[in-house]
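I am attaching a structure below and will ask some questions about it afterwards.
In order of appearance the chains are A, B, C, D and E, and numbering begins at 1 in each one.
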Amino acid sequence: MTAHTAARHTAAPGVRIRDLTVVYKTPAGELPAVRGVDLALAPGTITGVVGESGSGKSTLALSLLNAVQPPGRIAAGSVEIDGLGDVLTLRGEDLRRTRGRQVGYVFQAAQNSLNPLKTIGKQLLDLGRSHDVEDLRGLVRDAKDLLARMGMDGARVLDSYQHELSGGMRQRVGIMLALVLNAKVVVLDEPTTALDMITQATILRIIREVHEERALTTLVITHDVGAVAEVADSLAVMYGGRVVEHGPVTEVLGSARHPYTQGLIRAIPRLSGDLSLARALPGRPPTLGTLPTQGCVFRERCERRMEVCETDEPMSVTQDGRTVACHAADRHLTLVKRKEEFV
Amino acid sequence: MTVIVNPEGAISPGAVPAGTTRATLRRNFWRGVWRVLRRKPSRMAGVGIVVLFAVIGVAGPLLYPAQLPRDDNALYAPPSLAHPFGTDFEGTDVLALVVTGARYVLLTGLATAVITVALGTLIGLVAGFHRGRWDTLLMRLTDMNLAIPGLPLLLVLSTVWKFESPLEMGLVLGVLGWGGIARAVRSQTLSLRERGFIEAARGLGLPTRHIIGRELLPSMAPYIAMNMLIAVTGAVYAQVGLFFLGVLPFESNNWGVMLNLAVFNGGALTTPAALPYLLAPLIAILLLTLGIVLIVDAMDEIFNPRLREE
Amino acid sequence: MITGTGITKIFKQRGSVLGAREVPALRGVDFAVAKGGAVSFIGESGSGKTTLGRIVAGLETHDAGEIVIDGVPMSTLSHRRRQPYFRRIQLIHQDPYSALNPTRTIHQTLEAPLRLRARQAGRPRSWVDGRAAELLAMVGIDPGYVLPRYPHQLSGGMRQRVVIARALTMDPEVLVADEAVSMIDVSLRLGILALLKDLRERLGVGVLFITHDIATARYIGDDGELYVLYRGQVVERGATEKIISDPVHPYTQSLLSAIPVLHGLERPGAERVVPREMQREGEPDGGCLFARRCPFSTERCENEMPVLGRDGGPEQEAGQEGGQEYACFHPRRRSVIPVGVGE
Amino acid sequence: GTTGTTDTAQRGGGVYTTIDGSKQINASAPINPFNPVGSVFSGYNGMALAWPKNDPTDPNQFYPAIARSWSISPDRSEVVIRLQPNARWSDGVPVTSEDVRVSIGLAYTQGGTAYALDPKAAGAAADIQVVDPKTIRVTQGANRSSTFLANLLSTVVVPAHVFGKLLPANFWQTLKVAQHGQGAAAEKAKSQITGLAENVIAFDPGHDVSAGPFVLERVNPGAALLTRNPYFYARQNIVPDKVKLLNYTGNEQIWNYLIAGRLDNAPFTSVPTAVLDRIRDAKGSEVIKGYSPVAVSLAFNQSHKPYDNVHVRRAIAYLIDRAQVTKIASPEGGTPAVTTSGIHAKAARAWLGDAFDSLNQYRVSPAKADAELKAAGMTKRGGHWTLPDGSPWKVRIHVPASFSDWVAAAKSITSQLGDHGIDASVVTAADYTLYLGELADGKYDLGFWLIGLGPSPYNIFQRLYGQANGWQMFGGRLRHVAPGTEGNWMGGPEKADAGAAGTVDPGELTSKLNFASHDEQQRIVGVLAKVANEQLPVVQLWDYVNTQFVNTSRYTAFPPDDDESLRLSSGVWMQLGMIKKAEKGQA
Amino acid sequence: MTHAVPGRPRLGAVARKIGGHLGRGLAMIWVVATISFVIIREIPGDPVLGQYESLIQKGMSPEQAERATAVLYGFLPTGNLWQQYVGYMGSLLHLDLGRSLSTPGVEVTTLIGHAARWTVLPVLAGTLLSFLLGVTMGVYAAIKRSGKLGDVLALSGSLLHGVPVYVIGLLLTAIFATLWPIMPSGGPVDVEFVPGFNAGYIGSLVHHAVLPVVTYTLASYGGWILAMKSNVVAVLGDDFILAAELRGLRRGFVFRYLARNAILPLFTILALSIGMLFGGSIFIEEIFNYPGLGLLLVNSISSRDYALMGGTFLVITVGIVVANIAADLLYTAIDPRVRSGGAA
């Protein structure tokens, strides 16, 4: 009857991020937190983005809603969403309407993403009014359905304040608020951080199930390779603001091509397998200030470092649905891209 | 970037780095402070003002003879080159009065600030650190201190107690005013106490003295320093106000007395003649307040190593 | 050697609207940490792990039970006399950010306890600086670089190493590591775990390792022991490798099942166990604590409380095989952990 | 300006705005003259039998009020008072002798000079007889005071039909017993009468019944509004329709009103010159100056060293430039004291005649001061005078902080002493009450002290040789207490050398002034003035000038400078037929 | 697989909380009463002598002055300190503060009641006004904090916060009552108007209240703007604001979320400062001759009116204690986190 129920069965949109660069203004000047990222989210899939702290994951996620906060600024690129066009060109009311209605966002540390002074139900109504939902009763019904779907007593949750809910419950409320307006693109930033194992497994399962039921295009961002591997169809690995590897999740994990991905997988504590093979990556993850201005961002920690890595930034090469940006991984390719804007 | 310019690996492992001695740290601290101050011209202005007042407070009375000269024929003289702020009711230069009167005011302010902050911090720290019964007791005391209205009590006290020296005055103002700081310091202590590093220090068996003095206090330093400065203005304000009301007995010249005499004896609010006499101490108070406000702005950055070094 | 018997802790939540509510955080936990040994505690959020760690480190009192350090029962000593014993047990915090005083350089941070140490041992002051450098080198960081710096100038991994170095200033017998790696970048986690293992081997320091991620427990040492805590009760205990490979208690099994599967490298275990419900605050006691959530619970579980290592149900195969003990009426081995693709 | 403009247009009289300087207007206080802050304002809605004239020497000069005329027998034993034949209360009831009698009865419950219950008290009324509705006779007891008439005439008259019920039926009998009875019965009667005091004070009639020219209409915390009493006996004299009395809290408040031209008259206030100039600039503003029988002095505590030494006191007198001090402290409200006689200069000339000029004037003379100090055994070292024992001499002059003119004067004096190598400083007390308490406790070396409270010569010298100096009236007998005890803070010697008159007891002489004839009074005043001049228990600084402000833009015909009515309120002026409407009256 | 939500607060618990506050408040009042009793009885100075001399100082003749002060002897407290204390505490229990000395025969409670009216009105108006102004400007200063305007607003706040209230009061009188006399220079209302609900009276009331209220407002505005600014900045950094924006909430809603969370802590300060201002209004009342509690206290001190002094001081303190309790309860009422006893 209303738009959001009618739209339920439309096809999932695709999302294409092109050459996205986001910079933050620091005392040392504007430094790129995300640089030249190309990433396509296939319609109806879950794409996982993994990367360590500071690799630019959240910044990337915010860019999808054109919501990078000052002192940050999207310096270049485009984010095309099917049926919406380039999100980065949207302004004002158009942009606001897009958020929540077209693109749902589940906040990093969703535990704190709720207004502590209002019940969940009131916040839901605020959301509905903000998006001109006429049938608020229907909205509440949908919200209760969603919550029940996630294993909670909808009526009571809507009547609760944030502090009356546990971490896992808040996280699910966050997911509900992202989906209740029937957004087709959903971005989840670290949906399971600070939750324990069993809750994490539950949330991940819910994400997967809801994704499939509602035919969404989902982007899950996390620093936990395991969490991504559990839900995602395809996996992008970020390092120092670049996507260094991207491909179907089983392939990227099964046969990682980038030395960082390989090192990362080796560094994950596992339940089985040979302990002596496991190894931490040497060095430490870069921060904005310590990012090299030229050459490969990973070279300092890379065991396959070559001379060309010092000077030239490796270009992303796509082959068989997999993308890798490494000189060592595609030594046979001579395409070298130099970027000097930020030198 | 950092002060200690020390690229990775420049110093051989094992060698004791030179940058860790106390003197160096202190030097680095002051360099950091300087950097923080230089970030905004307003802060430099603030420091300038406060330093000026400090100098006046210390050396002001030395600039003039013990017996300030009077000009019997120039009562309430208008401002002139010789008397930038005119003269008072007996022909004494108003500027000289402001300068020589500063010491009393500043000394009280300082004494008050020291006492308020010392008492408040001590009580807050003890309450927050030991919790339990001590906490309950001290917080009741603090509630009491906060509930007793300071100014009215001062009025009542002024009839019993002669605040003969600025230090006595400061003592009273300080004893009346520590409640707010104590409460805030306590809540800060409670939250810091839960922070890992305090717990670690306790686990290491470091003495309480160390934990409070070296770990807790420095973390609260910006807050304490800020309060200290604000307490100075508060004390100056209260004290000058009491003199202005005429409820405080006075023996020596100070700004509040000047205000009182300007208004009630000179009619400064009624005619412009005594206006400079009124304005001079007012401007002094405003200037001092301004200076302190401008410096307070920098406190956070001064005591936070990260903001300091940026 | 530290042993704890019957450690019980009940928090009284005062000021709550519900009046003084009692939260049992530990219910008669027995454990022992030997010199150079590795004991891990795992469990969900709220299971009492941190509380136990703090009690062991002498930072929290307990309501019943006894802690014996080097044969001396702590309850017989005055608070003052207990201090030197507890000093030999050092806690490593989960959060390396808050564990270091932001206003003090690393040198100052290490200097204070070392001075104390020097005074106790009658060593000259010069010993302090040398020792600080030595300890930092021991935890694998460059003292020259680290000593003059403030915590904010170091990476998370470095900070955690400094925290460990600080704990080592007391020449501890046991390190209590509470989620010591959960806030550290994935690529660096193994480094810290390896360091702890190394310290065990080189210095003979015992490690009491607290985590909700069982996988990490393996890396502390394969000779270690594992305790599974649930709502303050140890529900299963045994050799780490043994419990991981052959968990018996359904709760242990759900914990292990919750570990995400690295699709592409692994397949999920055949009998993954998913609890029936989420954990709930303030659940009533009586019967098996896990009964409400247990997929296999029977009426007996609802009414009777199984005791660790004693009550074997009908399916019991080996009540205490290889020192493995559990508190369950229906013990059964299930293959829950992921299996490597190659295997 | 005032909002009386419309009233003026309609009724012609307008609103007369002024200030009652003697009390705070208190909205909670009852409309009751026995209450010190009661909303009864002398001369407006409060009436005495008569209004005192401002005479330098004779306290018994009065303008008629409720009493149209009076006579006193030569031996002062009997006073006959005849009331205004037309006087009526504002509710139309005539004012009769009974009203006066009730008023006197009520006055007894309060205590006070003429109506003391103690039969031995000087100047106490012994018997009150109603001769006829408009005539009353009062006789004086044994101790016949020279101020009996004055005290009697100052009696405030209240309506018997309002206040009468406060006196119990047997009141007059009880009074008789109290005054003439013996022993326990008399004591009981006394306590019955004084026991009424609280009720009388707290009594609130609710609305005003006045025999004065005005009736209270309303009181606010800051102001009182009165309207014309249609039954006032001299209503033809009263011009304004209403009177607005404003609160008096501080001088500067009066200054502001005056500059804004809002007051038609303001009572005496001290004014800095600059402010006075601005007040004069206000349209219609005029200053009337008159006699005020008060002077201020710097008093010594003679029980403290070195002020026990007359040379030290004289040295200080020689060093103080009184003209300069007055110029700084009270340029408009005072004239520098010609000398120290204990008497305001105007009264002094009247009392002493040429003898006044023979008094030592203590003109500024550092040389004489040096000589006196040397005579006192002091030495000057390094530009500073030290005490005979070689210790430093620190002069500390105490003043109450709230009196800015005294503070300024004290500061000026310390500056002058400082110029001559005497280390002097001003110490203020938080408030006047505290100041007086500490002064009386003998805590101060030097302090400011009001003197010369004329016109009664007893009151004048009582300030120097009364209780503060050790002479107390006790059970009708004079006795002297030791310095430092029972409020004797001045600590002067009991006997003083009065030159030609020989050695005298100044306290005894002072108490004699109460009963002596005029000639005798003149002689005693001469002796005491001489003693005060030579022994210098105080240094007289300046004589106050009654500076009144009037504004002639709405009303004219104010009393001229030095008029005998100047210390009375505007209400009395109106009764006396002074104030008239200004020609081009405008607000 | 349903999931329960913890229960809501119970009425009994709230009652217990209120009870606890009241108990502590009463204990505090008792202590303050005792302290004020002791201090006040120890104050030196003789009220009769003081009254006498100051009447003389005002030009009254000695006889008249003597007559006027004679009555005061009857009102002096008698008995030793302990008896006086017991009597005092006893009458306190009956809410009887005794009789005034300087206005003999009038109950202290009556005087305080009259004065309190004049304090409450401008204090309330001034506080609310400054609160509204300060809070609005604080939000503005926070949002524009990196710009010039924000700097200027913040500095104005700091300065006004630092400037003593009497300085503001003096300057305002000098300008609006003296140099350019458009405002009355004292008193609460012109006596010419008949009290009641008529235009003249109300107009006069307002006219007289303008300067005191403006002074209150200016003096406390600085504190509000500073507090509000720092709260808004803190809340702006909270995730839920960004989350609300990312959910596409209307600006109005986001602003309300922001404002409500930032104002919340200020409400308790508001309650406290209303309590505090009863005592803090001394300067303003003195300068504008406004017959409130502050002025009453000052006058009672200088006239050594023991009963009035003690009573006024006590009432001022009780105001603060009550405000404290009100602030706590208010916080409980409006912050759901505290209400249900959970962690804030």
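Observations on the structure shown:
Here is the rule we use: a residue touches a chain if its C-beta (ideal position, glycine included) is under 8 Å from a C-beta of that chain, and two chains touch if they have at least 3 such contacts.
Because the structure is a prediction, the values reported are computed rather than measured.
Relative to chain C, the most remote chain by averaged C-alpha coordinates is D.
The highest number of C-beta contact pairs joins the chains D-E. When chain centres are set by their Cα atoms, the one at the greatest distance from chain A is D. The central chain of the assembly on a C-alpha centroid basis is E.
As a whole-number value, the distance joining the C-alpha centres of chain A and chain B reads 50 Å. Chain A and chain D have Cα centroids lying 91 Å from one another. Computed centre separation for the pair chain B/chain D is 48 angstrom, with centres defined by C-alpha atoms. Of all residues in chain C, those that touch two or more other chains are 278, 281.
Residue positions of chain A touching 2 or more other chains, listed in rising order: 151, 169.
In chain B, 159, 247, 263, 269-270 are the positions where the chain touches two or more neighbouring chains simultaneously.
On the side of chain E, the complex with chain B involves touching residues 24, 28, 31-32, 35-36, 39-40, 42-45, 155, 158-159, 161-167, 170, 173-174, 178, 276, 278-280, 282-283, 286, 294, 297-298, 301, 309, 312-313, 316-317, 320-321, 324. Put simply, chain D touches chain E in their complex at residues 3-4, 15, 21-22, 24, 26-30, 34-37, 52, 110-113, 147, 150-151, 154, 194, 197-198, 201-203, 218-225, 242, 244, 246-247, 249-250, 253, 256-257, 259-260, 267-268, 292, 294, 402-403, 431-434, 436-438, 440-441, 450, 453, 456, 459, 462, 546, 567.
Of all the residues in chain B, the ones that touch chain C in their complex are 2, 4, 6, 8-17, 19-20, 25, 195-197, 199-207, 210, 214-215, 218-219, 221, 303-306, 309. Of all the residues in chain D, the ones that touch chain B in their complex are 250-252, 255-256, 259, 271-272, 274-275, 277-278, 324, 327-329, 401-402, 404-405, 407-408, 411-412, 415, 418-419, 425-431, 434. Chain A makes touch with chain E in their complex at residues 62, 65, 67, 69, 96-101, 104-105, 107-110, 112-119, 126-127, 129-131, 148, 151-153, 156-157, 159-161, 163-165, 169, 174, 177-178.
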